[in-house]
């Protein structure tokens, strides 16, 4: 018990250390860290609407983070979140464009499913390539991100462009306003808190159940820890690697659909870069997952925290005129600090538990083997 | 909707929040508080291009203004959050400086009926009565630049480096193409690199033009700095758009079409003073002085070419020239 | 057992204690080696042998105690300091870089005369000299991955000799060698001792220990359990000293009537990792109620053969594998297991268990998805725990709890977990590879008895082992594998140790 | 279409491809050295941005190209020390900590730029150096021997890296440590030190790649690299850890890009297919990975932290 508490304290301390560096940066930039903190807190939690905005910002991070957690448990590194989000968004958008008149009860599940399928396809590609052609997934997912950005630009500037944009000659790469029947219903009147938030949380809980309570998750984790032993036990390693990336992609794709149908503008739009549409959720989701100890449930509060940091950063810039890039740099530091503390944490835990620090598990490419508060 | 700042405890330190929210703008005494204006823009506030043109314009206004800026918000949802945040914070005027922000504005503006939103570049207000739309007739200056470019080109081949085929870049480039061809150019080669941000690709696109015998270059959007670099290394004259880009290549920038939004900003603010919070569209053009062709005194432009440019400007103002856009 | 001509003490360790979190690996250990002698360290798995030697070699630092080299106290803080002090070590696991050549492997860590470049020509020449002087034939320009296990062993020794080691530590050097290779190695080692070097030798094989040692020290639970010499000791007395109780070294087998062939292999050809056939046109029947032992030097295709039977490796067209009448040649591992195949892989830490999983998770690794362990699509935690507890008890697995990560168990207990998992399914065909390699005597005895139980139950049991004693003790029939073929099948009643050794080495034709 | 295949155009495309390849090559070679020692660095894109900014800033302030190059190298080296501590001392998961470095570099260089510079101001660019005689050769002269000094440096570093890894004692140590660190350790080769130096080399070269990019362009902007560093990592796999193959990959990538741009400039690719054409390099890389991946195994200890046992 003690070891679990100390264990979860270590990454939190590491994150605090990163924020301390952030405070120093603020000082150097000539702003008071206290004012900065106030601005961030105010921007993230200052009102019901802002709280809702934070939750909405956290939504894709929860989904991508849960997906990353599943992938990492199977020892697959999915850096393709950006591309998977885009794929999901595109397919969901096409569905909404094709069937705008379906009633909400049908159309909303349909577009969400479309998003999930789009993401699944884009996740399955590197999955199959890794499992059956030994293509390193880090690289194929990065490359697919590049491909998807251009594909998105092609579609949004060409076949899917808002006819009004052509008429006006501005040609902003955006679709027309999509069917209101597909809009994710608002949960709290007057805020932007929409159904997508609930979908994400439920998806993360399901991800947890799959990973720790279902045979599929058992196999994914076995494959992640030891593909050789899994294979000898009769588990189809290739197929499970494909599943891991496909599921991870599915959650990313779902995030893509939610980004479109939970957006202010109720349409898909970009500025020509991936982040212009995704808000870099594909990368920030990795950060959230990590901070959540690569555990789908812990990813929820973690994503909320980073959602807060991101919304808070907008306020930081508004109020103190500190560039939002500070928040980006800070995110990087949090990743570095937290991941660097992982070994320290298992070392401390092993001392507390008076057990040999798990010798065989030390060759990990993967971050933590045990998560506080959860028996595996 | 309708939950605006007055429903929430004012947590910001801004003293005017309550006043602005509770009493509405029409009763605000002009002497009391400065006008609070906020800009949300996709690129950096000193980008020597689109965003800077608006920041310069607000600063050029002869009014007591308290200006806040959120720049570099190319993520549309982030921009939306910033726009909403500024409205909540009790700003009087929020400038959504990017066509792509329009979709969000449609959702936000009705929630803040006392705030005036400015949206550009856009040609209509989407039926919202607290939104002013603004746009540049960028094709006009493009045409003039095209005439000049054709005048100084020896090969008659002229290159254009664009980002995505979108926004005012399209208008500028179309006008430029027409002007250059009217001015006697043999061909105008246009490359869209596919990115607003990739400077390296813009530079290589300029290089590719040079290979094809291009001896004059222009371009639009913030990534053109890469292309300007190529131009200056190869002594190729350059035409700027949006802001005065002379500082990028003091010897080679021939002219820049500069956006002087202050001309129409003043009009919009006056309307607001008079109680009209939006509902109209504005355009800057050569005729109203919102578009200005600023020639670089450091570039030795032949008399004849300069005269042709002036003639073109007059022709456009007079309506005798069609820019093709 | 040459009598030592010198009595100078080369290395002396006094009161060595080494702790790891939660474990005391060495406790107050005294140990010494003289020039010109082989001093053997004996002990069960986890007794602390390797740890003690790693302290000698500077890989670990002792928490307490002192080390004297040639009478002088010395503090060895890294392998390079050990090498400088003329200590060499041949590790339990080969310390070679497979893609590099022999010369590059030897040159690693040496300073070069042609700095910053390596001087491989000079190194190669010197390797050849050492090869000639000690009878360690190996080609310096070959990449190590091309070498046989025996050759790799030679490279390890050359590495130590190249650095002019006076004290040589050999941690289980014979675990992967044939009887002939062991004999050759012992000749080489003897010669080195006669040159005046001191040797520390570690092995689990008692007859080797009796053959090579001058002195023997036994470690138990990190402490010295006693010291003796081959003259005073017997294999039985050594085993007793190690385990702390009486141990039966040869398993007891009852009489069983054999049944029909349950596993039939016809014309099996398997391609190995190097792209050449590792198993060539092999045919074999294993009958119900018998243990068929496959003897052979490692690298003669046993591994590929076993993997092909388990469904982990493709077979070439033309061959067939049949189990209880069903053709399983192209079936997946899971299908084979469902048909009643059990498989104990040779590398248990890699293929046998998921090291990060708990004992319980490893016990259900194969059948976690079965009806017994799932309820409405979810894992039935209760049923899994109940069954695991049972198995742990039944197989006498020493573990704190069933939730303990398996990696923190000793090698013998890990193997018991694998056995428990594989045998609890009451398999029709059991394929056990190196079932007791590196496993201590006590656990080995237990594992052997469980294998014999399977035989009595009527299963067809296939035991692949490089330990000839194990095969001789267990098997009803012995198949000798050489270069991918079965060169002879001998009834164990008629089997002679020397004959099998020669068959394994490919010297004797049948 | 036909006028694309004129000599001048082809020469220009090759020249442009070589120029575009330079930063990929520099970063890719550095990453090769790092990976050979067993350390994956996914963060080189971030390192490149930090180095690019510092070089830009120093040249902006001093107008001295040499100082700019040195500043970029120094920042690369500092990031190397940083990454070394993360991966060697703290033994952090390499794939993820690299992402951390990337995000940090992206954000921090942006922050510095906005705070210290703001308006993009052009700086002096690297001069083109025409190699005597060679540059006068027909065809190849213009395509290959009229470039800026860092392009030559990048290509000279290819044989240097081959020699370094293949023939020097330190190169041997790097290869051994990347394959079997325990073996190297047992022979007194310090795994930590070797990896440290390899990481340092890798990051410094990534820094140089950033410098090459910014001094070629003569301007800085946030996210200058646009993910170039990630592609450089991909090229290491593409080149299966052989410097000459990494060079081939970098050239291929540069040439495909240059060709696409050239085709766009001549209106051969219709504007509406611009984006599809821009997918070409990434798609080609994936295809190449599929073809190559099965045959070549990377360093066995890649991404595995070293722990004695």
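First chain written, first letter: the chains are A, B, C and D, and each begins at residue 1.
Rule of thumb we're sticking to: a residue touches a chain if its C-beta (ideal position, glycine included) is under 8 Å from a C-beta of that chain, and two chains touch if they have at least 3 such contacts.
Keep in mind it's a predicted model, so treat the numbers as computed, not measured.
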Which of A-D and A-C has more C-beta contact pairs: A-D
Centre-to-centre distance between chain C and chain A (centres being mean Cα positions), rounded to whole Å: 46
Approximate Å spacing (C-alpha centroids) for the pair chain A, chain D: 28
Separation of mean Cα positions, chain C and chain B [Å, integer]: 75
Distance from chain D to chain B - Cα centre to Cα centre, in angstrom: 36
Residues of chain A whose C-beta touches two or more other chains: 150, 153, 157, 323, 325, 359
Touching two or more other chains - residues of chain B: 72, 165, 194-195, 197
Multi-partner residues of chain C (each touching 2 or more other chains): none
Chain pairs that touch, as defined at the top of this document: A-B, A-C, A-D, B-D, C-D
Residues of chain D touching chain A in the complex: 42, 46, 86, 90-97, 99-108, 110-111, 114-115, 222, 227, 230-231, 233-234, 237, 272-276, 278-279, 281-283, 285-286, 289-290, 293-294, 303-305, 307, 309
Parts of chain A lying in touch with chain C, wherever the complex brings them together: 209, 213-215, 218-219, 221-222, 225-226, 228-236, 350-351, 353-361, 369, 375-376
Sites on chain D touched by chain C in the complex: 167-170, 172-173, 175-176, 179-180, 182-190, 300, 308
Chain D contact footprint on chain B (complex, rising order): 44-48, 52, 72, 159, 165, 189-195, 197-201, 203-205, 207-212, 222-223, 225-226, 228-229, 232-233, 247-249
Partner chain B, residues of chain D touching it in the complex: 8-9, 12-13, 16, 19-20, 110, 114, 118-122, 125, 213, 216-219, 221-224, 226, 228, 257-258, 261-262, 264-267, 271, 274-275, 278
